[in-house]
Amino acid sequence: MASSTNVHLSPAELSYLHTSLSLNPPIRPDGRSPTQYRPLSAETGILPGTNGSARICFADGTEAIVGVKAEVEKTRRRWDDDTIFGENQNQEEGEEQDEGEEQGSSDWVELTVEIPGYRDDDSGTVFLGQMLCEALLADGGFVRRLRINRRFHWKLYLDILLISPPLSYPLPLLSLTTHLALLATRLPKLKSEGDEDPFFDDDWAAAPYLYARNPTTKRVTERPPVTLLVMAVGGNVIFDPSKEELAVADVVLAVSVGDDASSREGGMDVDGRSNNSGRNLKLLSIRTVDPPSRLTPPGVANAANSAYGHAQVVSTGANQKMPEARQTESEAVEGVWKPPRGGAKAVVMGALVQKVLVRGGVADEVLDALEGVDTS
Amino acid sequence: MPREAEPSLNEKQFVLQALHDSVRLDGRELEQYRPLELTFGDQYGVADVTLGKTRVLAKASAELTVPYADRPLDGIFNIATELSPMTSPAFEVNRPTETEVLISRLLEKTVRRSGALDTESLCLVAGQKCWSIRVDVHVLSHDGNLIDAACFAVVAALRHFRKPDTSMEGGVLTVYTPAEREPVPLSWLHSPFCVTWSFFGEEGDVAVLDATWMEEQVRSGSCTISLNKHGEICQIAKLGGVPVEAVSLLQCTNVALVKAKDMSSKLDRWLAEDARRRDKGGLLAELSAENDRVPDM
Amino acid sequence: MPLDTSTYGLALLRVDGRRWNELRRIHGQIRTQAAADGSSYLEMGHTKVMCVVTGPSEPGPRRGGAAGGASGGAGSGGQSKDAEVVVNIVIAGFSSVDRKRRGRGDKRTLEMQFTLSNTLAATLHTHLFPHSQINISLHVLSQDGSLLAALINAATLACVDAGIPMTDYVTACTAGSTSTYAANDEGADPLLDLNHQEEQELPGLTVATLGESDKVVALVCESRVQISRLEGMLAVGVDGCKQVREILDQVIKAQGRKMILEGTVDKGTGLNDMDLD
């Protein structure tokens, strides 16, 4: 879908953009630094009929709303589930059983993305949905929260709506909105005990958050993952690209970052060690996104376009045509834009990952900002 | 996507001008229906309706199936409409056009949602077995006013239809073939009919019943009212189009009631004729020794 | 029992405490989406609807099937002489109490899209924009009765925001009756603006009128009702539409005043709006 957003810039303008972004430090058209995000407005709790909801508007006018609804569902027994025999559970068996339940439970979360103007089985939409879902289910920790008892679990439905027409690649917007909606999600408080049929407290004010808050600091102990869109031009790594910047990108990546809960359970002196809230981030996934810069820009003749009828050019054997075609391909005229060839350099990927994950880096900033949104 | 040939500008203007002078192309009154004819097929549940040149065939059929999980005490009742390229090049198989969706929705609201057919009577074993009644509507010829003709055909087909008799003894369900026991009619509560008004002109002041295809092409709005002879409105659908005075709409509804009563009495008469035709006289007629070859002496 | 008719007769109050001729709280906003040509957000009670209008713009790939007997003069045969109004409704899964996912081809949604398209075509001056398309995209965030009415009102607001020339507001409202279809009681009251519970139990209709006149643009009644009740319901509905028109007019005028005072530059696009370190 990134490829489908076409920005109408001439080759000269594209080349100018590319050159200025390749400088060190890069000069962005709106004067931001490479790690600076555009202002956005975010609010939660806009839909009282849902378990959690959020709305984020980006500065370029794109807007998304996410609503989370939960439903109690009977847990399907796995075929090798031997908990029938275990009447009194000692600690080991209990833990084994937990892990067993995690494995079959990625269908406890159902995520749908609706983008205006696109069918819901369009490949771009499905891919977006999968990317967002994958980040959520990556470490299996999320679905553990949805367990009520051995026989029942919560089935969570995340409905993501893109309100504005898709002007730029909507992934970061949808991901941030989902993150915020999950932070604001509350599930009714369980009053039943053990494995009996669950019943809940009617008082919504007593409902705990899905992502629990630390009772003393009132801050979130663990966060849902977030996916950021990052692009690279030359050796420079640029965050929150606008659609003009995406049009000249060498490579565009979707990086999913999540909280690393396991590393925190070890030490209690985490708060003392670092100056921020002590979250440890881990990389959940990196996916390459087809950037619009790879499309052949309009106005290039078919003869000069290697993607079009190259075989034809060869087979006619007209020697006159071939050297010309090859010549126009390989010649890089200064000031004229040519789509980039090749993939992401390893060095660039490394720098990118480093920038995202480092303490006080981009991910931290974004997560801090989102935490600041009032979710009460 | 092929399209129906549009009427020419001359034709459109002629029709509109004539309607403003209260003259219709076929000489009818503004509120007059074309001649309505109904033929039943040999099989139970087949109704062939002609309204002028519009021809619609409806066939009802029944099948044993499992009821829906959220309605274990109700049977299943579906109406399927099919507009094939036979009627017009604009219709394609399996590609529902707007017209088809609207007809389908109107029929559903009129017959299904108004509870004309008692679905609880279709249930045989709660949660396990029920009748699934399905009416297939085929449009054979399209000369305007498909909705009224289709609704009439559906109601006729359903009232004519007989489903196999069943009996339930100690948990065992027996379904009898028509040879074993006479099939029984469906449990029918009321007969709704559709009346479609078409509005013409910038102000929507000319209102006409039963528009032909040509008149439909030039109309600027339409309103379909479904009601039964008792004066209960099952649905009204004026889906946009030219704004019409509320008072005029109420008058249209009143006239629609008259037409619905008329259609209802016609249907009753045809059903009675058909029943008489099928009725062979019962046991006495079978025992009679007369045959057709011997002339009356 | 939705009305709890036993107590309705006593105090003449409905479940949510309204009288028979009271509308629910209507809250509307326009220019909610800076990137679109026109946008609006409307709440009628708990029914929340967002609308985004883009256009008039280049027509998309020609959609067939509109020709051949479709009703309404504006949309069908003259695709080239009038702008085409394309409506897309997305009902979010979380909009009702039970989460329910609706497929794109859902007939009820298609019918609502058709209704909305024809209703707006009756007032928008589409003859001024031949060979073009007006895209109206609606998102239903929460449903609590009167859905079609809310959609029509939101679409009207968004079209006004987009600056598309129109004859007058098209406003819609629902009306119902306390009598069931079987009963013939004379004491049945018509009700204005039904919520979800009332819509399910009682007969009701949605009516849309043009401006301050009594002209009905759209009328949809999907429940069984005695013909004698129709007049009362229609009268109450048309009156309710006039009240809604007043409210929507206020919304537009308030936005206009705000724009005059604040200027019309969109937030966030200029360099001055950002905090540079």
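For reference, chains read A, B and C in written order, and residue numbers begin at 1 within each chain.
Following the convention adopted for this analysis, a contact is a pair of C-beta atoms (placed from the backbone, for glycine too) under 8 Å apart; a residue touches a chain by one contact, two chains touch by 3 or more.
Everything numeric in this text was worked out from a predicted model, so none of it was measured.
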Chain at maximum distance from chain B, centres defined as averaged CA atoms
A
Of all chains shown, the one whose Cα mean is least distant from the combined Cα mean is C
From the mean C-alpha coordinate of chain A to that of chain C, what's the distance rounded to whole Å?
35
Counting in whole Å, what is the centre-to-centre distance of chain A and chain B, each centre being its mean C-alpha position?
53
Separation of chain B from chain C, taking each centre as the mean of its C-alpha atoms, in whole Å:
31
Any chance you could list the residues of chain B touching two or more other chains?
none
Residues of chain C that touch at least two other chains are none
Please name which positions on chain B make contact with chain C in the complex.
1-4, 6, 88-91, 95-99, 101-102, 104-105, 108-109, 113-115, 142, 144, 146, 198, 204, 213, 216-223, 227, 231-247, 249-250, 253-254, 257
Quick check on the complex: what are the chain A residues that touch chain C?
30-33, 36, 38-39, 46-47, 49-50, 53, 57, 59-63, 65, 67-69, 71, 112, 114, 116-117, 119-120, 157, 159, 161, 163-165, 167
Which residues, counting only chain C, touch chain B once they are in their complex?
62, 64-74, 77, 105, 107-108, 110-111, 114-122, 181, 205, 207, 209-210, 213-228, 230-231, 234-235, 238
Quick one: which bits of chain C touch chain A in the complex? Just the residue numbers, please.
33-36, 46, 48, 50, 52, 54, 88, 90, 92-99, 101, 103-104, 135, 137, 139, 141-142, 266-269, 271, 273-277
